[in-house]
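Scrolling down, you'll hit the structures one after another.
After this come two complexes, each holding chain A, first together with chain B and then together with chain C.
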Partner chain A sequence: MTFYIFNRKGRCQYYHEWQRLKPVRQGAGSQEEDFKLMFGLCWSMRALATAIDPKSPSMKQMGAPMRIGDGCSFNSIKTSSFKLQFLESPSGLKASWRMPGSGGQPCWGAGCFVLTTDPSVGSMVEQLQYIYASLFVELVVKNPLYTPGEPFLFEPFSAALNKYMRALGLLS
Partner chain B sequence: MGKNRECAESCIDYLALALVHHYRTQGQGPSLQAALDAVGERTGRQLAERYARDRPPLLDQLEAVKFVCKEFWGEVFRKAVDNLRTNHRGTFVLRDTQFRWLVRLAQNQMPAQVGQPLPAPLSKADLAADFLVLPCALVRGALAQLGWDVAVTADATSLPQVDFTLVIRQQPQR
Partner chain C sequence: MEMINAEIFTLTYGSMVRQLIADHEDVEEVNAQLDKMGFSIGQRLIDEYLAKSKTQRCSDFRETADRIAKVGFKMFLNTTATVANWNAEGTECSLILEDNPLTDFVELPEQLGALKYSNLLCGVIRGALEMVNMDVECAFVRDVLRGDDVYEIRLKLLSSSTEAYPFKDDD
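Right after this comes the complex of A and B.
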């Protein structure tokens, strides 16, 4: 079971694995590659879902840049060996904050929360919402030392996440 | 908590953080200390004026400090001061055991690059120093508006507890 937080640009800000039977080296090759593949999967799925959405009033080409909240998103992907649960958060708070030295690029807050679980686990949209609203926003975003968009490792957040996962009964 | 209230309080939280980050990264213009001192003092004065509006004048030193501990602290830091000590000779120590603005402070344990060593652990007091400039200035401004010239320092060695030390410098100007 693994957990990722990606920012809007695809950079992995937070990663934790509780149980990963196949080591990364045998799969993606390296941690960096693993992050790229995971983000690529989520991004492509979202683009695909928006493109084939039968209800959307606006017609978007696949691959066209999407604004936050545009198009439809997917909740989960289930395979024979794992289930990938996905949540896209609303835009980060300091969406237009300019980081010095980065040539005036806007820096985005967290974008995607990804959790892989056993396939038998049900929908975890509400749980991911809780992790976002009550754990991430409270313990990370409100931490004066958090830099939006950057990888982080804050002990209060890690501890609270572990405690929540244990309370949900997902950790054996 | 109502949605409007939560939104308003979050705005203040984030504004306070953003102010520090802004002045930290400024290459030119006033230093963080000077800028936040000025902002805090002015804001503290205006807030004290507003909160003390409907009350009778606070003539006593202790009354003024108690007003800061209860009403002012409640409005600005959303809870009252937990403990007030004084030597009755112009020095007061205000203890807030869960200082709301800094209760989420935690050091980032992430190394700068993969494979590099973990960052050295910093004391919480060092990490909090920049974020305490504004609160100290707010308190100073509030008491100045009530007529007392004080020097305010903060001690954050045992976060989330913060001790604010007030030293009254002179008699009020009336």
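Right after this comes the complex of A and C.
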């Protein structure tokens, strides 16, 4: 199970891994590559979802620039071995989680949150929203040492995140 | 939302402005510093606003101005503003505040006539909107402290940028 916070420029601001069955070296090659692949996947899914959005009045060309927050988004991608939960903040923050076999959710505009989980895990939309509103805003944004958009490593945030994940029963 | 005593807030802001005047002496420089501080605050405030107000995206600038006036000011200053004086293109408007908690108990001495006492607010709005990709110009045009009957913040949308994939293909 892994957790990523990307800023709206696609840079990974925070990464935590609880359990990763295969080391990054055997996957993307390097941690940096892994961040890029993960962001690229979320970005493309968003673009794809927007392009085929049946409610959109006009067909948008795939990959055409959009205004932040425009277009429809996705909540999760489920595969046979993991699920990716995605939350995009209206300020462009995108987050997703991935558990081996579970998923993550999107935030809006400022960036996004990505959580990967076991595929058997249900919807995490509200939980990602909670992480955004109650953990990220309170413990990161309000921390004077935090520079918006820059990577951070704050013990209180990590501790609260761990505690919350344990309370959700996602960690053994 | 966590609340604090309004008077403590007002007095703290007052002593901060007083300190800036003592440090910089030049009134224009103080105005610029207030704007800059506000900008940094706005960049952070936006996430709290978005996360706690649970609002969806704004469809246009009119809606954005309306949200700032009705939701933003309410959340952070416990007051509301009126949106007025739109230009024909819908890119400029005024936020009119009848009540500004920052200026309770404040009187401007004559030699500080050029001080934009509440300029921090302009910076906050600019910083917050910058985070949602809206480039705005924001300035006080009317100020009760300087003898007008209301506070008026003029808001001008310069550009609204789009989201594009941040990496090059071969990156």
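Convention: the second predicted complex is superposed on the first by the 151 of 172 C-alpha atoms of A that agree within 3 Å, B and C clash if a C-alpha of one lies under 4 Å from a C-alpha of the other, contacts with A are read in each partner's own complex, and residues count from 1 in each chain.
Just so we're on the same page, a contact is a pair of C-beta atoms (placed from the backbone, for glycine too) under 8 Å apart; a residue touches a chain by one contact, two chains touch by 3 or more.
In this text, all values refer to a predicted model and were calculated from it rather than measured experimentally.
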Combined model on chain A: chain C and chain B, fit or clash: clash
Touched partner set for A:156, first chain B, second chain C, both or neither: first
First (chain B), second (chain C), both or neither touched by A:74: neither
Partner chain in contact with A:142 - chain B first, chain C second, else both or neither: both
Which partner, chain B or chain C, touches more chain A residues: C
Which of chain B and chain C A:18 touches, first, second, both or neither: neither
Touching partner for A:31 - first (chain B), second (chain C), both, neither: first
Shared contact residues on chain A - chain B and chain C: 93, 142, 146
Residue numbers on chain C that touch chain A, as the complex places them: 43-44, 46-48, 50-52, 54-58, 131-133, 160, 162-167, 171
Chain C-facing residues of chain A, complex: 8-11, 36, 40, 43, 63, 65-70, 89-93, 108-110, 129, 132-133, 136-137, 141-142, 146, 148
Contact set on chain B toward chain A in their complex: 13-14, 17-18, 20, 25, 102, 104-110, 114, 127-128, 131
In the complex with chain B, residue positions of chain A that touch it: 31-32, 93-94, 97, 100, 138-139, 142-147, 150-157
